[in-house]
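Just so it is clear, A, B, C, D and E label the chains in written order, and each chain counts residues from 1 on its own.
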Amino acid sequence: MLEVRDIHSYYGKSHILHGVSLDLKEGEMVCLIGRNGVGKSTTLKSIMGIVKPQQGSIRFHDQELVGLAPYEIARLGVGYVPEDRRIFRSLTVHENLLMGIKGGKKGSAGEGGWTVERVYELFPRLQERCNNKGSHLSGGEQQMLTVVRTLMGNPRLILVDEPTEGLAPLIVKDVLDMLATVRKSGVTVLMVEQNFKAAIKIADRFYIMSKGQIVFSGNQAELLAAEDVRKNYLEV
Amino acid sequence: MRNYLHIHNIHKDFSGLQVLTGVEFKVQEKERHAVIGPNGAGKTTLFNIISGKFKPSSGAILFKGKDISGKPPHILNRYGLSRSFQITNAFQELSVFNNILAGVRSRYGLRYNFFKKPNQNREICEKVDAIIKEVGLTDVKDQPASSLSYGQQRALEIGITLSTEPELILLDEPTAGMTREETNQAIKMIDQVTAGRTLIIIEHDMEVVFSLASMISVLHYGTILVSDTPEKIRNDQRVKDAYLGEG
Amino acid sequence: MKQKSISLITIVVLFLVGLFMPFILKQYHLNMLTEIIIFSLYAVSYNLLLGYAGLLSFGHAAFFGLGAFVTAIAIIHIPGISLWNVILIGVAATVVAGLILGGLLLRHKGSYFALLTLAFNALFYAVATKWHSVTGGDDGLSITRPNLALGFTSIPLSSLTTFYYLTLVIMGAAIVYCWYFTNTAMGKTVVLMRENEDRMKFLGYNTNISRLILFTFTGALAGLAGVFYTFHFQFVSISAISPDMTTAILLMVFVGGTKIFWGPILGVFVYVIFQNYLSNVTDRWPLFMGLIFVLMVLYVPGGLSGVIMNIKQRFFGKKNNNGDKTAQAEEVIS
Amino acid sequence: MKKKFVYGLCFLTMVFMLALPVFAVAAEDTIKIGVTEPLSGTFKDIGERYLDGAEYAAQVINESGGLLGKKVEVIRIDSELKPDVATRKAQSLILRDGVKFFCGGTGSSVGAAMEQLAEKQNVIMFTYGMDAASMTGVKCNKNFFRPGGSTDGRSFALAQLIAKMKYKKVAIIAQDYSFGQEALAAFKKELAKISPNTKIVAELYHPAGTKDYGPYVSQIITAKPDVIFTPNWGNDLTLLLKQGRPMGMKQKVFSYYINDEVTIQALNDDKMMIGNMGAEIYTLSIPTKKNEAFVAKFYKDKGYYPTWLRGKAYIATMFWAEAVKKAGTTDVAAVIKAWEGLSYDGPAGVWTMRACDHQAQVPYWYTEIVAKTKYFKHAFEAPRGMASAKSVEVPCAETGCKMK
Amino acid sequence: MSDIPVFFLHGLAYAGLLFLVSSGLTLIFGMMNVLNFAHAAMYMVGAYLSYTIIMQLTGQFWMALMICPVILFIIGALVERFLLRRVHAQGHLGELLLTFGLAYIITELVKWYWGNYPLAVNVTGFLSGSITIFGFIYPIYRIFVFFSAVLVGGIMALILYKTRLGIILRASVNDSEMTNTLGVNVPLVFMGVFAFGTALSGFAGVIAGPFLSTFPGMAQEILIDAFVVIVVGGFGSLGGAVVAALLIGQLQSFGVLLIPKLSVALIYLLMAAVLIIKPSGLFGEES
């Protein structure tokens, strides 16, 4: 459903992505791993249109995304969960959720889509705090909120950037469980994760990035087998 | 032996979100101390607190026995602390020379003078050239920072950090985003330029850490997991777990 | 070194040309030139704030007007006061005002700072209007210039020519100093702060104090220009301290260009002359002023001096692979 | 290299700009008079009406063969209501074109600055509309003339009218600047002298350009005066009436410039105006033969009436022309000498220029606003008598003028 | 002092007018961080347009109250789309200078088209009458001004806090990039905000016409007052603008009664005091 072909992206004058290509199939959960500063987040931002790739193509269900504004991409069914929990701090939890709903369509709830009610049902913790300001939530709650806010738009694909960053172990588990739930509901997931052990449990396929390029691609077994890849690009 | 730098029980929270929960470690004079830890462990926050950008919620930082926590950065700099930034934080429109000059003249007390021209002071200019040479940017010293390659920008970042002749240097991921070759050069360069000074470094690249550090502290979920020599760290199971995750 | 001697020669030549002006120009033009020189200092001081430090103030006239009013008040209330003391008092008053206002307003940045300076300019204006017994309110104050005491002799300043020379020497010296200032440690510090204030803190600079010093310094320069404004017209009215006076200087500096030291001076020339003629040609000159403003913001944000630099670069420029932006930035910095 | 070029260019520009005006075409031999009025900005309409009067005077003079055989040329100067702008432009005209005569009617600050300039440059400045008494009082100088009214004269005339109509309680309100203060001071002084029983029940000052008159009007109403006196003009008069009347401020208003047709139009509600009274040195309705002839001719030439501002500027300019004619030269000293003591019998009666302070002694014409006049569809003035120049005269000794 | 209630009413009426003028300015400032110098000029356009609609075309005050904001909405949208957006990259300076130049142009064009004379805009019928309160005759229009302000403030608060649009607006201020990735056309939102702010200035102009007067200096006169409201109320805070307008309204009214000598400087003194005590304004967030 998503084809990224040889994209080159820049931040100002610095060349961050040197020809990244990757593919996602419907319903997959794919994880993008690699060290800090290798271009993982930039890859997601390029797909979302926040960073404009200067070269290459990104096709989503045969629709070219390069050149579209983020809101247009979002309306095509791509959701984006940024890395630093960018909830709207002065909005309440409930309002944050409402923001996720696109174009005022109160929900394609009929076909099992995400609705506020369903979110509250699945994540009672959010319902408890539904009238709190976003800034009053804990890190884990903020992260959850960021993810479900994106789900409210019923995307077909979500891009998740380091969902477990800076969270306590217990909460990491909650967040990962939640992503598993999301994925079960039929949403395709492209995730950036540093927490290798966590990632390997839940994702189907992996891409490893280094210096702005994809250096490895494979499934769980292949990744576990590729000792040298892990040594070079991931571990101590 | 008196502690040169003592980070004592530092807490920090951002509107309720606990980032540091009692960080405690000691650095001796002339030591090269690396702080490692997974992303989001609070390394950069810790750096920001030591260098005066943030105030700690509680705790103390004792530098040569004096509490310096909560002092503004410009005062800390005058005490002899200097830090680099993870993302190159130079004066982009200025030449390399003028970038370095900014720090050197600050060291020489030529900050707010209404009459003296800093670039006409021979001693200062020589000092600037020396630093530029040290970080290997002599060839590009008249080019604006924005036109440098990524590796050169990182070198400039270190050059600016050195320009105030600090005795305690804080480096925040000096080799982030560099190629292997660039990284190796950078390690060599950092090794040279920090000779005889105290160094605290945050780094992900273990190669860098093990080739530079004489002590390593592992920061994990806001506290120091362990603080020891590189050999011991390399074989510590807790550290391996922290890095590979435990989910 | 070479650059330095060229600059020095240029300054000397300009000064000599200035000395000859009274022999060449008619009284009318000399009068205009005197005014242009005074406004040039006002504009240069404003550009140190706007172009160099990146602080958009809408209250510069508060200092200009304060200098102008204090001058008139001092001359009226202290009989026999010497010219030098008048200048001293005028500048000292603006320094005090600069420190107080700066302390109060510099806590804010960007458009909020702009708004606050405007509001305080309005406050100064209201005080000048209201405090009739001291400022003359709506009527203004009129004075005669004190004699120029030089120790051994005393020169009356009643003639335009002698006053022109005094203006040329003092305003000229102040402008040349401003130019020199941009190369001094403080001058560079200010530019570096605009570029990257955060980094400056980590290099041992107290940026809050630096900004306050600069704000006060530019205020004092504007005050000095105000002192001479009163000397020149031998009259001061509330229009000297009104927000309109800030508007005028903003327009001059912007038309001339903020990126280059002499840009604002060019702006003053164009503005004073343009306004004199335009208002003779049409009563609708505010419309043209507005149009010029909007068109310049849209198409020539670098001002006239920017245009000249670009043309120069295109036809005479050495090959410069860094592009215009760097060249212009270095002009401010070097 | 770079700097050299830059400075060179700077210098060239300078020379070019300064040289520009040299090429301006020298005008033929005329008597030039610079009319300093706000021709842009908020008070443009007032400036333009004054200018119209002065230009009409020049037209009339030129039609009848000119002045000393030369044509009178009016140079319009947009003062922007800023003293520095006005003096700068005037100075240019003096230095460049040798203009010796200036006049203006708007803005006492502009007037004060022009008065100073006139003395320093030895030219003549006269005003027909700047009424602050101090201009021919403490600030007077030999180069400044006022062939027009003053706050003293107007306030005296209105105080006499109020005394004559036997009102016992007066509320006074004025703009809080020197013009307003001088106006109220003179009014109180005269009223205390001629009608000691009349009480001032409220004395209010408001900033010029006040937007909400509510708090002031409430204080007036609470004081329960019989009548209200105000020197307010323009928007400050419009708003006082517009906001005051619906709040129950029913009293007759005695005002300096009540017969301003623009104020009446701006109210667009004749009820608010009818019954108010004023005192002016020139009004459209002055019932003299000379005025009727003037109004008729003006109407024929222009297609509209020479209302107050136009009339004042016209008469004052004609008066100046008389002085020049008497001097027989445009020499400034000679014209000053000729104007002192000169009388001019124009549409508004006999005006005499007093030598001691250069304040013209003029009669003030009372008007009352009535519903129907022959001039306009809206309410307008009707004549209600006159205060003679003698009756409102301030003795030379009391003006504070020390002419050098 | 039996007339104190009347002075209180005066304060309310003036506060209402101040709020009407400054609400749009605050909205644009708070949401877009643009200090719109052309705001008062737009207000002037609203007032003069209402003259044409009421006095020359329809004779209906209500008609002007509906049409003028719509016209100004369109003008605002065009200004944002074709001028403001283009200088956005230049930062605050470009935006400020642009609106500044626009203020000149618009004011002059208005004078050109409608002439340099004050114009009378009269209301008829119910609104032109007076009622008796506390034994004083009080014009209904003044009460109407206050209630229009309450209405506008109420509607703005409703939109901001009770509708999806309001959520989008507040979210855009919080983090416009994130809002964009959630499928909201943020540039369009900002265009709408600017247009709506401009429409509010037009509404204020229509209301102000019969209360004050429609004359060439009206823009200049109101601008500084509106700015002071923003400064006192706090950076872009709508609630702050309400409180500041009420404070200044009462201060003007009772200041005239109690300390007339200082009345012209009172609002500036208030501003200075607020800035010393709380630099970001009464309801502004600390920067």
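Just so it is clear, a residue touches a chain if its C-beta (ideal position, glycine included) is under 8 Å from a C-beta of that chain, and two chains touch if they have at least 3 such contacts.
Everything quoted here is computed from the prediction, not taken from an experiment.
Each step here moves to a touching chain, and the least such steps from chain A to chain C number 2.
Looking at the partners of chain C and chain E together, the chains they share are D. Across B-C and A-B, the chain pair carrying more C-beta contacts is B-C. Ranked by distance of CA centroids from chain B, the top chain is D.
Set against the C-alpha centre of chain C, every other chain centre is closer than that of A. The mean-CA centres of chain B and chain D are about 74 angstrom from one another, to the nearest whole unit.
Chain E has its Cα centroid 50 Å from the Cα centroid of chain B.
Between the CA-based centres of chain D and chain E the separation comes to 36 Å, rounded to the whole angstrom. Annotation for chain D: residues touching 2 or more other chains are 41, 44, 176, 207. Each of the following residues of chain B touches two or more other chains: 146-147. Touching two or more other chains at once are residues 129-130, 284, 286 of chain C. Here the chains touching each other pair up as A-B, A-E, B-C, C-D, C-E, D-E.
Those residues of chain A that touch chain E in the shared complex are 48, 50, 69-71, 73-75, 80, 82, 86, 88-91, 95, 98-104, 149-150, 153.
Looking at the complex, you find that chain C touches chain D at residues 3, 6-7, 10, 13-14, 17, 25-29, 31-33, 35, 129-130, 132, 137-140, 142, 229, 233-235, 237-240, 244, 260, 262, 265-266, 269-270, 273, 276, 279-280, 283-286, 308, 312, 316. On chain A, the positions that touch chain B within their shared complex are 12-15, 35-38, 135-136, 138-139, 142, 162, 164-169, 172-173, 176, 194-199, 201, 211, 235-236. Interface residues of chain C, counted against chain B in their complex, comprise 181, 183-186, 188-189, 192, 195-196, 198-207, 209-210, 213, 217, 322, 325-326, 329-330, 333. Interface of chain E with chain D (complex): residues 3, 6-7, 9-10, 13-14, 17, 55, 111, 115-120, 122, 128, 130, 136-139, 141-142, 211-213, 215-217, 220-222, 225, 252-254, 256-257, 260, 263-264.
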